[in-house]
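Questions regarding the structure given below will be posed in turn.
Residue numbering begins at 1 within each chain, and the chains themselves are lettered A, B, C and D in the order written.
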Amino acid sequence: MIGGGEGSLIGPVHRMAARLDGLCELVSGAFSSNPEISRSTGSKEGLPASRVYDSWQEMITAESALSEEFRPHFITVVTPNHLHYGPVKMALEAGFHVICDKPLCLSLSEALELRDIVERSGKLFCLTHNYTGYPMVKAARDMVLSGEIGTLRKVVVEYLQGWLASPLERTGNRQAAWRSDPARAGIAGAMADIGTHAFNLAEYITGEEVVSLSAKLHSTVPGRILDDDGTVSLTFRNGMSGALLASQVATGEENNLSIRIYGEKGGLIWRQMEPNTLTLLRHDAPTQIIRTGASFAGMGLTASMHSRLPAGHPEGFIEAFANLYRNFAMHIIAIIEGHKPELAADYPGIHEGVRGMKFLEAAVSSSRNGSVTIRI
Amino acid sequence: MIGGGEGSLIGPVHRMAARLDGLCELVSGAFSSNPEISRSTGSKEGLPASRVYDSWQEMITAESALSEEFRPHFITVVTPNHLHYGPVKMALEAGFHVICDKPLCLSLSEALELRDIVERSGKLFCLTHNYTGYPMVKAARDMVLSGEIGTLRKVVVEYLQGWLASPLERTGNRQAAWRSDPARAGIAGAMADIGTHAFNLAEYITGEEVVSLSAKLHSTVPGRILDDDGTVSLTFRNGMSGALLASQVATGEENNLSIRIYGEKGGLIWRQMEPNTLTLLRHDAPTQIIRTGASFAGMGLTASMHSRLPAGHPEGFIEAFANLYRNFAMHIIAIIEGHKPELAADYPGIHEGVRGMKFLEAAVSSSRNGSVTIRI
Amino acid sequence: MIGGGEGSLIGPVHRMAARLDGLCELVSGAFSSNPEISRSTGSKEGLPASRVYDSWQEMITAESALSEEFRPHFITVVTPNHLHYGPVKMALEAGFHVICDKPLCLSLSEALELRDIVERSGKLFCLTHNYTGYPMVKAARDMVLSGEIGTLRKVVVEYLQGWLASPLERTGNRQAAWRSDPARAGIAGAMADIGTHAFNLAEYITGEEVVSLSAKLHSTVPGRILDDDGTVSLTFRNGMSGALLASQVATGEENNLSIRIYGEKGGLIWRQMEPNTLTLLRHDAPTQIIRTGASFAGMGLTASMHSRLPAGHPEGFIEAFANLYRNFAMHIIAIIEGHKPELAADYPGIHEGVRGMKFLEAAVSSSRNGSVTIRI
Amino acid sequence: MIGGGEGSLIGPVHRMAARLDGLCELVSGAFSSNPEISRSTGSKEGLPASRVYDSWQEMITAESALSEEFRPHFITVVTPNHLHYGPVKMALEAGFHVICDKPLCLSLSEALELRDIVERSGKLFCLTHNYTGYPMVKAARDMVLSGEIGTLRKVVVEYLQGWLASPLERTGNRQAAWRSDPARAGIAGAMADIGTHAFNLAEYITGEEVVSLSAKLHSTVPGRILDDDGTVSLTFRNGMSGALLASQVATGEENNLSIRIYGEKGGLIWRQMEPNTLTLLRHDAPTQIIRTGASFAGMGLTASMHSRLPAGHPEGFIEAFANLYRNFAMHIIAIIEGHKPELAADYPGIHEGVRGMKFLEAAVSSSRNGSVTIRI
């Protein structure tokens, strides 16, 4: 693991997600650009000192030199955005499969370059758009693709948080600090941090690509350089319209990601904060509440293979995140064992990373130019 | 009452709302442009034949000639949009107070003319933006104006319905027919029918005026001329940003009007379909569920005077609508009895009608011109 | 109207409910045992002084002597419990149809006597177990009776309020005072005031009669004589088991009446505080959310005729209460016009009143005798 | 691990819970009474064949003979109820700490014997009443004990499932088979399987002990010997009354455990299926929605140390279960390292096991004797 030292929010999540199904084991790490933090994190995680490194360069070099018995199969990159490109590139080129946190990198050109590297390397790459790991997101995608709600017409995707409603980045909060800093976060703030999740979710569930957008981004908190709020109007290839709302200054909102998709025959609603419920709307007919576990009888493998418990035993964020690790591991195992991976065991990859960077550059550009419509 | 004959949706609502508190009595009507329907409706309502008219012109003429004992104090206009201007004008000029359904009329110029007539006549005018009649909407407005959630930053107002997801106007449905017909509905479809409610609600609760907008309207159902779906980005005078979503093709949505308002110190959420609940969000503190009745202890008169029952006894659409009639009647009584009306007994008037037409013309114009930002 | 003067909770509700559909008109009243209150209420309601009486005896005598043109068709009794028997008896015997608030009277023997009087008089009698007036309660009953959830197995009915969590009856609160006073309320407190509603709802929806019960009643607030909380275990004729919970000391609960019914094939849940939603549970299949209006397509007349508005326009307590008045009026009109009343236009009557008194006497007796099982 | 082989429901849950925080490692197992299943499970879990055993006796004997470096610190027992007593006894006496699934054993006398053994052994013992591991259950307990809702008056605890609404035990379902078999499940069915959870939750959150009860148990499905449904009326030492409902034939209910606690000053509601929300009711004041993470600012360590993620990132069943393992491991580590364990890191133990068996014997006895009240 590269990054994820003490004080990291997402590092421990990756570790829990990786451990949950017993398929992955943490064997080495360069957990921080601060060697002391790296070492103390490694020690807390029970790693031998020899497998804890002061830098990611050192780690990739050393680990790739290990014999096959000890060499890890993949490397996870959970650093701030500006430190994705380098480690991902080096790890791929050193022959590791790679899991990387989102967004992919700082620019579309970096993203395209990484895409080439992934393709050249023949290695697996997973970008942790973790919300696609929820069983009810899988169920929604299946239902949309099977025509359950008819021709798609409209999608509304929202990702509202309130934790940056105050200038937290000036209080010593590390999470807020790098996310508000163009040098480390890139060209966008909220739109990069959470807007890309919303964008990915809309494209994933609908199976349709956005072809143009018009955006209005705001830097609401005085003194903040990057956007902390924005509204984006989307047009998809199939003519479907969309609205994407992302905010980190919606005071009191926790982690309110939701998506509503309307088709000619019905609507689907999913809300991340009650993730085991998927609502199917019909005109002049009862709404159906589809639930993790309970409603799988009439479904295929896709949703059920992403759930671990019987109905009514809530599965949450870590379980969904773990589904990405589990699926990624299943693909690696399939390679090792020489068989086909289970098709339903999908995970977001380099394509989704490139899409996210295209979205970000278009949104920023549109907003800077009077919300003019931009093709992506 | 002008309009509201058999087959009308909103006519019976107006009659129930008027009756509920025992302050208003239906005494005469021209219920339809079809004299037979007018007479049969009058008969069903128990009116003497002499007070049922074949046309609104006839009715206003005849009723204004009655002695004070029999002459109604006000006239209600519940016709399709294109038949608002004429009756409202004639009734005001004949000396009646007037209640009119929304939107006010077909164009901003008509609206401004009506505003002049109202002002000249000295008569009371109520436009039934009925959603402002809910006690929790009053409570929300009070809380926002008293600074409970701090400086306003963002408002998201949505009005989603699904009943026009199919080409209902071509199946003989009268409600759908006139709403889809530019000659009777005006320049906009969904945006006029429900978008103006959403717009009014946002301005009412926040106490702020929209100064510019950018809109994208859609005619989703093939063959439909007017819009049935749209997204509008709003900027308010105080800098607050807003998003307004209105759709009548969101399949499976019933009458889903909701508003979320975020300020520096908190957020407020109100949903029309569970109207007795108002949610107050705070950062890192428990959310508060403010309820009609139960939470009035710490509130002023405004919310409590618009509720009729103890907590937990649901009040709904008719009760909220009746609050407009009750407040309007209180103002008429205040005039008759020569005292000041209760300030909290407010109702939407000609100003709100003009605002709605400004909004509509701007939204349509923006959408026709590539979503360009337009001042209103 | 007998009772319902200023300060009454339920009097104004009856008046709004009666007015809503334009079928009933208030023409006279003895609104209070205090003649001054009676007169001032009559005046506020716009009644001529000649039709406002100082006592109910006086009123029934005078009104029954009126010519048919002025004579009311029915009399409503909304007094405290101890003043039901007398006015109901006299009104029936004077030839009026009668609407009476619940519970029917003070004892089973009074109830049986009233039943005889109703039967002898040939007059219509309605007991306002108003919760049966909700459209979704009608829908639930229809679904149960049509076998939608299979053989019934278990019913859980709860009625929780918190308003008597403090000794409100010793603070001058009139509503609390008479409800806590055995002389005016009868042998039971909460069980009479709200427990009988819960009991009635369970028997109404399931169509099954309770044959035995075991009860434990509590007087939680120190100094209170009558029960303010209780749990009753029920056995129905068909073998179905039941649990009935009633409390007026469940602090913070508003008017939380709910019922859950489980059969071999499914379950039904209805909650009074969100009355337009009925939930249908299935094993290993999506839950269905049946909604007033929206889900009527597949239903018969029963539910739809008790709703006045399209889906998503919330109907509440007053509307449900008005359904009893409307149905009662429809039956009177049917008598007057000499036709059969609409079967679906049902309302609770003297049978339900007798059942309630049997339930109360059995529950009090069981609780006094160590929760011993008692047949009813 | 003893038990938990393929086909087991709870075995994988224990393994995921144990792994989540990286404090526990599975090193050996006797996963089934069928040696083949035991070996194949061990192989799937990646254990060396030498550490997978054909019987629990063999396993305890062999593992206790290992050197300290390889010897496990604790043994987990996840067998059906009749196979708790033996392994727990032997493991404790062999010097292992023990985690055991609930209910503790088959009878109160076994339970008391195990209590003696635990006390004599000086070893740690955890009974997985896992629902106490939820952060909001901890918060509820803290709030009750700190007097937040005043003197306790009433508790309603329910545990409703529907999965045994059909005679599943006669279809080859292993979970249903042993739970319905007195020889393996003990004297009670639903009341043992889920009723003991509800009982434990009520005593845990309120901090009060039940002193007497009256129960009515039902065997609803024809042919079923043990109870599948029951209602229990509880009296607590402090005078508080309670109602406990448990059912496995509530068709369509998933895993609906909920508790409502009313005190003089307020009420608390927690529902397992939305576990990150705790509702605080007040009379005539807004209800407060206390949320995992978001509302911890004003709370002590207890709730927050049982949550792993920021607000709005749902934590579920596995996380709560893992809290028991984590706390248990912290206590073992404290012993090893010779320091005091964190007090807030509690877990249910042998006392709770004895309480559960007392409850079960009393409930069964009461029900068999006409619901007579029985002291426990």
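We take it that contacts are C-beta pairs under 8 Å (C-beta built on N, C-alpha and C of every residue); 3 or more make two chains touch, one makes a residue touch a chain.
Just so we're clear, the structure is a prediction, and the values are computed from it rather than from any experiment.
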Ask   = Which chain maximises the distance between its CA centroid and that of chain C?
value = A
Key: Interface with more contacting C-beta pairs, comparing B-D to B-C   = B-C
Where chain A and chain B are represented by their mean Cα positions, the distance between them in whole Å = 43
Ask   = If you average the CA atoms of chain B and of chain D, how far apart do the two points sit, in angstrom?
value = 55
Key: Cα-centroid distance, chain B relative to chain C, in whole angstrom   = 35
Inquiry  = Touching at least two other chains at once: which residues of chain A meet that condition?
reply    = 163, 253, 280, 287, 291, 294, 311
Remark   = Within the complex, chain C is touched by chain B residues 9, 12-13, 15-16, 19-22, 26, 45-46, 161, 163, 253-256, 272-275, 291, 293-294, 308-319
Note = The residues of chain D that touch chain C in their complex are 149-150, 153-154, 156, 162-163, 165-166, 214, 216, 218, 220, 229, 231, 233, 241, 243, 245, 247, 249-253, 260, 262-267, 280-283, 287, 370-371, 373
Inquiry  = Using the touch definition from the top, list the residues of chain A that touch chain C in their complex.
reply    = 280, 284-291, 294-298, 311
